[in-house]
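Here chain A shows up in two complexes: once beside chain B, once beside chain C.
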Partner chain A sequence: MKFGSILAGVALALGLGGAALAQDKVKVGFVYVGPINDGGWSQHHHESALKMKEHFGDKIDFVFQESVPEGADAERTMTQMALSGADLIFTTSFGYMDPTINVAAKFPDVKFEHATGYKTADNVSVYSARFYEGRAITGFLAGKMTKSNKIGYIASFPIPEVIRGINSTYIHAKKANPDVQLSVIWINTWFDPAKEADATQALLDQGVDVVLAHTDSTAPLAVLEKAGGYGFGQAADMAEYAPAPRISSIIDEWAPYYIDRVQAVIDGTWESVNTWHGIKEGMVGIGEFSEVIPEQVRIEAESLKEAISAGDYHPFTGPLKKQDGTDWLAEGEVADDGTLAGMNFYVEGVTGDIPQ
Partner chain B sequence: MIRLEKRPTPSRFWTLATPLLAVILTMIAGGLLFAFLGKDPLEAIRTIFWDPLFHPQFASYSRPQLLVKAGPLILIAIGLSLGFRAGIWNIGAEGQYIIGAICGAGVALAFYPLEAWYVFPLMVIAGALGGWAWAMIPALLKTRFRTNEILVSLLLVYVAEELLASMALGLMRNPAGGGFPGSRNLQQYPAAANGELIAGTGMHWGVAAAFIAVILAYVLLNRHMLGFHIRLTGQSPRAARFAGVRPNALILICLGTSGALAGLAGLFEVAGPAGQISIDFNQGYGFTAIIVAFLGRLHPVGILLAGLLMGLTYIGGDLAQFMLGLPAAAIQAFQGMLLFFLLGVDVLTNYRIRIGRTEAA
Partner chain C sequence: MDLSTINPLVLIASLMVAATPILLAALGELVVEKAGVLNLGVEGMMITGAICGFAIAVETQSPALGFLAAMAGAALLSLIFGVLTQILLANQVATGLALTLFGLGLSALLGQGYNGLKPPPTGKLDLGPLGDVPVLGKVLFSHDMIVYVSLALVVAVWAMLRYTRLGLILRAVGENHDAAHALGYKVVRIRLAAITFGGACAGLGGAYLSLVRVPQWTDGMTAGAGWIALAIVVFASWKPGRALLGAYLFGGVTVLQLNLQAAGLAVPVQYLSMSPYLITILVLVIMSADRGRAALSAPACLGRVFHASS
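So, the complex of A and B:
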């Protein structure tokens, strides 16, 4: 601790004391897994948070921390935020689940909102979006737009959310194009532009010409722009790559939810909830269909979106079998949320294995 | 003109003074950087260096966290420094750290839910053995086939990462985890948990082990024949050979020790602060420890201080991010400056600055 005391002495000599921050405004904190300019997941959470801040203006204090690794470091960041007087903390990555629960247990008066997890507590809500609804539409477009009948999928971690996305993509690509084949590459990271670019290139080398990604950067689109082929915006619209290679996108619309939840804390009506919203509630947005998509396909994709939004069609509707050939859903049967939430199997026709 | 003149022996004064000078230079350069970003430089530097230790709201939490963060860095760096002194370069501590964690957690999960006093000691042994065994691969390849230990140990990190991912997804996956990757949380398994030894201090077995390692390394290097052999080999391999040092034995000992210590660090981390085997369990401690080892001048006490200083910049950097809205990249640049200046002013230790004309040679 010698260094510390030397530094302490220096700082003391400079006349710096510790300043306590007293406040009665509601203080809202955000923890992001990637940098706030990743172009995808974290950036979009941050932009939604900024919209929320704009909505409330000076009524709240807004703090955030970017690029926080999942695990012990996340726990420290959350604890420090709670100690700094935060009233509500949004932890925006799946891997923050156990740290969020641990810290929440130590700070019963602080409210926590964890994105895409499943563990709740009296002061921990979870929220997620039904991204698989968006995947149905992008999968359909991929099936229609591929010329080689090979589409590729860059997957991050084998968690149910990602597996749902792969299944929904495949089911709807197959509907659009019975000859379609889907190749999945697992890269075990949410954000690593170099790895994402390599995976895209590897897929292209296999003859794939439409690439879907469940990772956070714009690197796959950048590769597609050079090499040819189509892709989609993920988490953010990524309109800078429109009209091609980006032909549509799945946009996460968190801002209304954030405004809602912060308002609840201000009003003192906050309660622990488990939110899973989709296209209907506006949490999943579908980016504009670009003009390179033939008009007939655009109309069909639009009507698919309308059907999902209206609740007339569920992306997981039977008859569906599991990859091993066993029956899953009977004709007309719809998957229940419990099964979807823990999904750890591929549907029939997807090749390869989920990493074990 | 200014020129550098080599000192016959490194200056004792500057050996001690350069770290302090480097910190001051970093504060000045970092302050300028923060000022360019539109932040109050004094406040930023206070938040990084002062608040984690003395802020009334945070210090009681972040002081112990300093130990939690510095513990594994010190433990790994001590092991690395032995080899580095002898010119044996183990760059793969990150891989040994991972394997130590996997082996230790494997023992815990095999016994789960048995509550017995011997579970944790067995985990410690397994962790050390795991790291040791992983380091033996480059060691044996080097002694047998003269392969380059830098490349082999580094590339084995990526093998270890694949093994880690496969453990988190397969063999060690929590059966009660709803299909999600990651093992059971060892913090919730009392016989295996590496909790705080004294509540509220951050002092867990890994930190204790780090302090013990510092003391043992100091004694070894200054009082023991093996320490003399290590230092001699680093300074003059030929002389070492005449003095009876067996190079192959030294390679096995140095790589084995650093592997075992890295494995221990991984075990204490997985059983304590991290809690579980997960796909991205490793956070680069094995690589950062290389920096800590050199920052501490490969000296045990220096490594202790360097580890604490690195820990401080991490924790203070976190605070500065959300308290002042400094971008994460600025904090990383600041940490980089610290290393840059430390290594840069090192020149004063070995060289004298002469101002004037060069004498004719």
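So, the complex of A and C:
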């Protein structure tokens, strides 16, 4: 209690002192789960943030904190940012969801933007990309490129976003290659290159020759480069591993969204929104198809991308069954966003259980 | 579940690679403890070796120079421990723990700017026709240099401790430093040499992680391997052959749990992830149940401060 009041006093003093100086400048903060040079997720958020900073130049202040663990540390970091006068804070990992909501409740005048979550408040927006659209294309390529008919998936945490990715990958790999088998390894971390590398090696040892990853580092590609096999850039293009083992990539394009939202704060028009954009809006980018992919397959993948982008094709279109054989989507039926947002089941054909 | 997809030969080849870092670090620590010094800073020395090796390998594009730099860097760090505990007579447990924390921080600092880079590839040792031998070729003769170095080191440390005068002196210092001192052996110098050797081994193990096994640099990438190496020394009751067994057992369980997942075994992931640690604890309990033998095999002066005046 006493500590709390001291904190409040300090905050007040800081706020009064800082208000006069920084009144007309919007201060934007970013919280990252990994280091800003992880080569993937966090680095790409940071690069997008830097583009946003470049766009506004001196009109805004930009602060960031990297390698912030999900949990109590995240809450401390956000509180610190809010106390030091940030007007808008982007929290860029799923695990920051509850910390963001908690801190936002304490600072009603500070705006928060949480990536990939689903809890909103008056001053908390959520934004995410329809990564599963990109997964449809990489899954299709994986099905076409595998020679052993075995593809592997390195999964992080059993959350809807990851499960959507696995399902979308499997559905489209199966379309490309009816004999395909998918092995999933859960490693319970977003960023642990040693573990990601070991998991990749374990998949290769079992005859897998195309590995998809939903983790943040380039370690799987580093192993594939050494041991052979194909993989994909994840979150960032990871072009340094092209043309092989990286044969394409899913790129998260956050910069336009960041510019939009910061502009809204400057204009005073910011509102809590729930943004979920895909290939069409440009939030999901597909990296260049490498020349090791046969021409015919490249054309097919390109047209799949076009169809998704134009809205002619939804990656979750029936007939689809759940893993246990019960019906999910009837012929031609398209999954609704609510089901997708909370997806907690595999589609038929995926083996193994989702860890609970 | 289809266990037939797990090829035991491939599994053995992978576990040798997975176990090499902890084997190297455990061997180094074994020699240090045989000399009567308990250095809990293995983790810190490993991670320092990992970044020193990575940085030099990237700058010079030579993995060999990288491995040498890793050994030098970690040995230098271990000398801090040596000076503090052997000359300034600081408490070994506290200093060792401090060394781990210091090493983790130092490596993160040195590693600024090396995240996301690719190290030069470490070539596999070409053993000519041996690599084509059916069955054994894949398991035994298809690895890189360091795997063989680690195996040779097991034999060398074993022979040194068992058959050489040097080994006898080292053991004498570890068993009874006062008697060794009375015989005219330079206890402090011998221990400093052992500590440096231990540091170099840990550094080599760390560099194997960052240059071969991952291969990449990230903060804290050893992720507890140094602690496992410490446990393996006790597990092995200070015998190099058993250290090999312990390291391969641990490496084996780690690799096996990922393989079981890939094969679709319906066991919760969390149990699989903790299984290597559980087995380590279990074996330690079984070992120490036989009190007399465990006590006999530990160097009698382990962790005790030596000063010539006492």
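We take it that the second predicted complex is superposed on the first by the 333 of 356 C-alpha atoms of A that agree within 3 Å, B and C clash if a C-alpha of one lies under 4 Å from a C-alpha of the other, contacts with A are read in each partner's own complex, and residues count from 1 in each chain.
We adopt the following convention: a residue touches a chain if its C-beta (ideal position, glycine included) is under 8 Å from a C-beta of that chain, and two chains touch if they have at least 3 such contacts.
As the structure is a prediction and not an experimental result, all values here were calculated from the model.
Applying the stated contact rule after C-alpha superposition, one finds that A:Ser84 touches chain B and leaves chain C untouched. By the touch criterion defined above, A:Glu240 lies against chain C but remains apart from chain B after alignment on the C-alpha atoms of chain A.
Using the contact criterion defined above for the overlaid structures, shared-chain residue A:Ile299 touches neither chain B nor chain C, since it reaches no partner. Of the two partner chains, both chain B and chain C are touched by A:Asn188. By the document's definition of touching, of the two partners only chain C reaches A:Gln201; chain B does not. In the superposed model, A:Gly342 lies in contact with chain B only, and not with chain C.
By the document's definition of touching, neither partner reaches A:Ala310: not chain B, not chain C.
Applying the stated contact rule after C-alpha superposition, one finds that A:Val334 touches neither chain B nor chain C. Across the superposed pair, chain B and chain C both touch chain A at residues 35, 67, 188, 355-356. Interface residues of chain A facing chain C in the complex, by the touch rule stated above, are 35, 37-39, 43, 67, 152, 183-186, 188, 191-195, 197-199, 201-203, 205-208, 217-219, 222-223, 226, 240, 351-353, 355-356. In the complex of the two chains, the chain B residues touching chain A come out as 19-20, 23-24, 42, 45-46, 49-51, 53-58, 61-62, 65, 68, 165-166, 169-170, 178-181, 185, 187, 269, 273-276, 278-281, 283, 305, 308-309, 312, 315, 318-319, 321-323, 325, 327-329.
Chain A meets chain B in the complex at residues 1-4, 6-8, 10-11, 14, 16, 18, 20-21, 29, 35-36, 63-67, 69-73, 75-77, 79-81, 83-85, 95, 98, 102, 118, 157-160, 188-189, 341-344, 355-356.
Touching chain A in their complex are the following residues of chain C: 5-7, 10-11, 14, 17-18, 113, 115-116, 118, 121, 209, 213-216, 218-219, 221-223, 254-255, 258-259, 261-264, 266, 268-270, 273.
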